[in-house]
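By written order: A, B, C, D, E and F. Residues from 1 in each chain.
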Amino acid sequence: MIYITRRERFNAAHRLFRPEYSDEQNLAVFGKCSNPNWHGHNYTLYVTVKGEVNPDTGFLVNLKDLSALIDQHVIEKLDHRNINLEVDFMAGKLASTENLAIGIWEVLSEPVSSLGAILHSIKLYETENNFAEYFGG
Amino acid sequence: MIYITRRERFNAAHRLFRPEYSDEQNLAVFGKCSNPNWHGHNYTLYVTVKGEVNPDTGFLVNLKDLSALIDQHVIEKLDHRNINLEVDFMAGKLASTENLAIGIWEVLSEPVSSLGAILHSIKLYETENNFAEYFGG
Amino acid sequence: MIYITRRERFNAAHRLFRPEYSDEQNLAVFGKCSNPNWHGHNYTLYVTVKGEVNPDTGFLVNLKDLSALIDQHVIEKLDHRNINLEVDFMAGKLASTENLAIGIWEVLSEPVSSLGAILHSIKLYETENNFAEYFGG
Amino acid sequence: MIYITRRERFNAAHRLFRPEYSDEQNLAVFGKCSNPNWHGHNYTLYVTVKGEVNPDTGFLVNLKDLSALIDQHVIEKLDHRNINLEVDFMAGKLASTENLAIGIWEVLSEPVSSLGAILHSIKLYETENNFAEYFGG
Amino acid sequence: MIYITRRERFNAAHRLFRPEYSDEQNLAVFGKCSNPNWHGHNYTLYVTVKGEVNPDTGFLVNLKDLSALIDQHVIEKLDHRNINLEVDFMAGKLASTENLAIGIWEVLSEPVSSLGAILHSIKLYETENNFAEYFGG
Amino acid sequence: MIYITRRERFNAAHRLFRPEYSDEQNLAVFGKCSNPNWHGHNYTLYVTVKGEVNPDTGFLVNLKDLSALIDQHVIEKLDHRNINLEVDFMAGKLASTENLAIGIWEVLSEPVSSLGAILHSIKLYETENNFAEYFGG
């Protein structure tokens, strides 16, 4: 079993809030992240997949394929986007790093299988001080 | 002459567009950065000041004071904010990295003088691939 | 199960030595780290906690709370301190990265529980070339 | 159980190709990495070992010893070398990051035991965007 | 006057040697970098340009254009290549970081002018410990 | 004219204080950095030299020589040392980043000349948030 990780990056806007709360309540719970005018981040994403090395190539997966797949399912949908308003797999969810990591897992799990590997983890940095990791289930 | 640099960080949303343009025109000129729903960045700011070492302290400036001053004049106004909508010194300006670096220079130049140092440069990273530098005038 | 990591930093002095050894013996065992006049590091600390996402907030824990808790129990005690002389939870222990990581685990485990999460790991960088990780038990 | 990681770096050339393929076939499978004139990387290697803290030293292993051992068995053989042509433990293998991580595991596993620790993982960065991890067996 | 910097990266092989020297002489002068079987690096390139902000766009130059231009004139020629054997603008030159920085300056200076900016500096990292900077003439 | 920079690192302890001040006065002026029990840092040093490329080698200076020279004159004296108590060129000076950068310039300027290059700048990071630069005179 070998593990391979690909790093990708995207920039997006978000806001943390519950629509049924007042601005004051949102500020109390979510702090500055509840700013109604949005703010944003340079997100860094590490996608780790696992499986056996293919003896014909020496690769677990061709990283060009893995990168293209992440680009299609994740980066295209998130980069220079508003996570609350424009990202189909985040509709109706709080735009936290935790939920975003879980959402990315859910859209990548099947496509990664199609490459002959198993999705192992999603690691998502919101800033250099904070990151979430999700290993499925 | 010695140069001292303080790094600070903030997260903000922005959009690059001209209000008199259509969305199509803005997209043609500004690319994905013109997304009407905003996107954002983790900005990293390096403020460099210069002057003589104070023989009583060994400092050019006390970095606690410099950091507090940057916090008051820049970070408080930008962090978790929308640069187009909420930042007084950026009102009416295109929210590019270039203009933001110049704007930060303009609000910091005088306060830095009050510490007995001279503002030397503003270096502003929008992503790890792009940064602007401004040396005044 | 989701994992969230918070990075914090502190600067401290330490010395590796056994008081019953001569300076020569300490030098033989601990190398330059045994210098009787102390040396120091910029330590980087990664605290990882795990648990379920709270559906009301989208958070596992509010990172402001986690950061405040790490600050109170760890950073306040270590930052700009001498690990051998001034840190209660390191009293009587060799001030190695290993022991410091274990000590930090022990002071953080209960407070993290009070936030409704489980402490998963302490990762402590002494330099960019060396780090220790502790997962409890 | 404590985990200690040592980072080391080396620069090497490699080429990904199968000798029985034509240049066109190699290009189709391995992309630009099949360039017959070689290309190369600054590799970053993280070696993680695990075990109990020695109460006499506060160390799991003396990092000076671990570093010397990695230097002798890995860095000396790879640094400023051609992985395809000059590295004994890679002879006859495709010079992928996956195979290189596995090869490094195999040459380090026994020497690490001689220090009284257990080799836990090899993490090998080919670029800042790609890395492989191997945990044995 | 504003300064904008774009970071790009490439991986390449090289060898430092003089053809009229024996292998022993090359080893004495160039050390491990003279290995006849090549070695390689992940190079990191910072291209800094300067000029006035365009009031219509807020940009000095559109970074998409600058990046495309660097890609065409530099990255396409160097990435996954052998600097000694395959790079037209390095033909007949010693493949040192110094000469490579100067060579990149020479191929970029005119194209940057065509964007309405002035090339200010080329900063080229061979490893995280070593870099060259060139400011022209 | 080409510029070459070499990065080196060292770990040291220091304290900021004036002996004629009480602990309270030192705390008021120097903050936590005045802790009488010392604290410390991982310092990162960038030494930049300038001059002409030697046509025989493609080098401004052989980096092996530059590194050896920095090691002899700076790293050996500072690494795992107490800056206030043990570093000859800092005797009687406040152990600030500013004074340390100036001190390093003074001990390196002549040795760099002996390599046929000119010392251009000393850049010294005390933490990733703070650094000093000195260009001589």
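Just so we're on the same page, a contact is a pair of C-beta atoms (placed from the backbone, for glycine too) under 8 Å apart; a residue touches a chain by one contact, two chains touch by 3 or more.
Because the structure is predicted, anything quoted here is derived from the model rather than measured.
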Those chains that touch subunit B and also touch subunit A are none
Given over half shared residue numbers means same and under half means different, the subunit E/subunit F interface is different
Chain centres from averaged Cα atoms put subunit A and subunit D apart, in whole Å, by 29
Cα centre of subunit C to Cα centre of subunit E, whole Å, reads 41
Contacts with two or more other chains occur in subunit A at residues 128
Those chain pairs meeting the touch criterion are A-B, A-C, A-D, B-E, B-F, C-D, C-F, D-E, E-F
So, in the complex, the side of subunit F touching subunit B is made of residues 16, 18, 29-31, 93-99, 101-102, 128-135
Within the complex, subunit C is touched by subunit D residues 1-8, 48, 53, 56-60, 62-64
Contacts from subunit C onto subunit F in the complex sit at residues 9, 11-14, 32-33, 35, 37-42, 79-82, 85-86, 127-128
